[in-house]
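Think of it as A, B, C and D in the order they're written, each chain with its own count starting at 1.
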């Protein structure tokens, strides 16, 4: 791709287009605006276009978030020569169309999780990525939480021995109030899934990332505690799960329990992980994302993951100065740019995204069979 | 029962015999030695006989723990007129025989958990208890942890609304080292069960106690991570589970996840409970047994459960003075004595013990059927 | 002393008399009732007499707490041949008289802290102890908290290098409510001191114990936040401190900050210690007395101090089974009995008690001089 | 000032110059680059010039951090019409000269803390600010930690009643290793002060901010634990404090204890605050900056300060998404811009900065007088 070649030749910055300008669009814009300030060695980027359907709103957002232009037609933007990276932050049902078009146009593609709403779309995206000239990546941003990246390193280095058990949960409470109104997120045809897809996907990707292997069997249960809610047109049925549970096994025999919920009163963003190995253990809670519990067999140590030697930290601030949730997107952008510069495949890949969805599907299939074990 | 009548008439203290003098025998002896000092309003007791098979060892233990006598023949002791309460601390396979004999002799019976090693034995004990003149109780001592008793009160009072989800675990690590040797606890024919029975029984009883209702369906998985260990005669197969997982549902639709393990490196006695209701939540960790987390919808409060108004605390020390694990047995003895004095059924009953075992059986049955849901 | 000789010859148990039967009398009674059950190798004791001024009340308490007799005249009891150990749990102003009489009678003496209400009385007690045939000990029970005993070991072993800084506090809240009524504890002539003496004494003794050296200079401030309270005869002036602060220096140059308060809303029994050394750190909170934070330079580890290898723990329960506040008194009794049996001086000694009071006096003297540094 | 008028008229963005490009320059650059994205209602700004002494280095930094230009002569930059805001991130001894020049030129001035290295310079700056047309502000960024801003609100609203006691510390460990080399920060003539000035200044400003009143008396102690360190030219004397302690009193009678240290092994950025009032308490630890402990009299609640209703949070992310240390600078810039737009004095003011330094001076004066109380 000539446009990309130019850019990686250093003759001009890589042009970025973000599709979508609400919550994720804001977070990704922040990443592109700041990546060069913290990661000076990655290829320079230019915040070229922010794309959205509402022309006035996307124009306002583009000005606010530092974009040179705004646009409403993603297909047109993908065709532009000055766009090298297409970053997809739309609702999930649009991911496949945009990603396939962008890959066909030779662009590098970053897709916010989930890869797509269906396994079929995801498979098509994986296939397209395999033959594309551009690089592709899925946005599981928690891989860039320094504490979780450190956990991955420690496990890979054998610091806790052979992992046997993982105890994982992702608990939120925004649906705990049964008078909370109906939203599109609670309709299966629009959202695809409930807590399982939204929260479980992060947990499953972390299992794959931390353990360096895949889940191969699943036993699952889904539950909708509040089956109807008030919508704009009266009572409406909730068609996704409020909470889900799974017992998973990996290729090497690790057993992981997973619990996800939007009904866990008091938990705001409670992604917690406990990893038990033959010689130690690790623990993590996203609500305290700068900390990792490390037990090397003598007791659980609280490690403040802000040292220069910790993953990603050299880019940021001196020891003891904590990061927030949004910094993970900046580091994600840096990782993508580094992969592009080094001409290697970024991680996590579309295939990693597909792998997560296959596990989620297996959990749903198990639930449909009264919890019987299902192969992924 | 004339002996009992005498005793509750106040004409003489209730005579107690404890059968078993190792770990649980020591803990129960401690309870009988101290109950009167802290609970002066219960009927007075006399530490009459400690019973064990080794005459010299049981004699030493009896002297040390404050017993008037020691004996080796439990059947003979049960027949004595000066024994009113038989407290069974033997291995589980002896529980039924001793309890049935004691009930037949008109004694009050306290059986350390589990009720018995089999459901059949447990059913026989429940039947015997139903027609006995003596009172019967099972020793789930954690019901007397003040924080857990407070949790039960708060739930019953509706302080966290309608309970929906319970996240429970009981994690230990004494088998984490794969060179830890074979013991009778790892043989199915002797121990009955592994982590599931030993640790899971406490968790299930807490679910029943906290929620005031029973588990009705179970999905389960058992795992033996280290299938062979070194025994006194070479390598030997481990025939019980090292860890187990279950997803349970109660009569009213609460879903509880349970994870138990003897392989959770770094966790010594990690019974943890999180209860999520429609208007609040509770959290507990046995390693911090004087604390209860109480969230009434505004954030998780750490309550130091040492106030005079808290369950059991008025008997002990001024506010701020913490209790330990063994105090639960003293309060358990007090509750039994109070029930005897008031001529009411103590709780938890043999039936409560049987209910726990039925859930454990259902989890095993589910595991045998690849995790498919099983009715309790 | 013939009586003592008899007893330590093993010809009969050591006879104990406790003087005082309220809070501390209950705690010490509990220790004497249980010490033999957990520490079988110490000389056997007999709970002979509980002494108090109200004949009916002390009789009731004696029966409840397991004493053979009750009595009202401490002087008479001290003179008895069957009493070997006199354990003084009265208000502080009586300590000196009773202790001097008991030592003169050749008894072993345990005095609950503080040693006495005045330095002069304390000095007389130290002098008497030095020439007595009986052993003497002061009851700083927190020295028997296993986590604090472990901390002392770790520091002595150099595990945190050279100690430089200690950050200590003892915070309670029972006077936080300004409508809490006047009590004798708030009158200087009866109580001697306020938060400083009551809470600060424990902190100072821990400094001496942990560091193995004495405080040599003090800067201090006392404060009475609520200068008047409602008494039985109207408003009355509070003549002791509600809170106090001190900056202390030890012989080797460690600087310790101390803050004590009865006005710290929400803190029930918050004795906290942080010890910073050149190669590590320790942290402790009495509200979690089974835990010690140990940082050997790689992060603060939470150690559950319940292993058989930890101080005092072999006497109690298997790993993971926590102790409470009252167990410290039982271990204290065992330590006294062991010292008697081994014919060595028990620790902490009367001199240790005097050392604490000299520091408290220096803090008060500094406060009187606007905070200027005062030698102890 | 015509330039300012233009800018606040909205005819062009406010032009910003930052003086200094190392740690603080990076943090402030980040704030100016991002303020408009999160606070769209503040006047727009333009990152015009980054100023430093080394032309090549400052040019590189300017490009990296998003500045239109770089420059080496701060006096020249201050004179430019297109500069409206001068943000001073130099070492402290340059603060006064630059701030006075900028105020004389009619610019708005933001000075990173401390206001200056001496009280005299600070007084001159306060006087200049009082008569200037531009606005002035000191950069105590922790006032923009949402949890601390919430704490301030809660106290002002009387939620914990009348504050009596504050327990504060700021503990770090970067000098704990006695082989850590000599730096300019340990020379009194360059750094002005050690831990006291560097860390204590933040603590004192928080006291003033949280309590809404000033410290009026101080008792203090300074300590240099490692009096010599290896410098580039051999052993050199350390002429500032490694640690300091103070007991302070405010106008209304609140007593605050303060401990600061660079020797507290294991503490990376441990600014901790406990505020005890007559009806509640608050607690905070900067290492967990998204959390505030709130005790309204029923136990300490952990509040995750990420709700839209919490201070500053509406600008950022949905509930449960945590912020980091650097976000405080962005919010600080927003507050300055809002004050400029509303034509009101920003807080904290130069006078607030001077007030902090007067307290620090009083602590030093007290230390020089053996701890005797000194009026601020």
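Criterion: a residue touches a chain if its C-beta (ideal position, glycine included) is under 8 Å from a C-beta of that chain, and two chains touch if they have at least 3 such contacts.
Since the structure is predicted, the reported quantities are computational estimates derived from the model, not experimental observations.
Common neighbours of chain B and chain D (chains touching each): A, C. Between the interfaces C-D and A-D, more contacting C-beta pairs are found at C-D. In this assembly, C is the chain whose CA centroid lies farthest from the centroid of chain A.
Averaged C-alpha coordinates put the centre of chain C at 44 Å from the centre of chain D. One simple way to say how far apart two chains are is to compare their mean CA positions; for chain A and chain D this gives 35 Å.
In chain A, the residues that touch at least two other chains are 295, 299-300, 304. Listed in rising order, the residues of chain D touching chain B in the complex are 294-295, 298-304. Residues 23, 26-27, 29-30, 33-34, 36-37, 40, 64-66, 172, 174, 268-269, 287-290, 304, 306, 316-327 of chain C are the ones touching chain B in the complex. Taken together, the chain C residues at the contact with chain D in this complex read 160-161, 164-165, 167, 169, 171, 173, 176-178, 219, 221, 223, 225, 243, 245, 247, 253, 255, 257, 259, 261, 263-267, 274, 276-281, 295, 297, 299-300, 366, 369-373.
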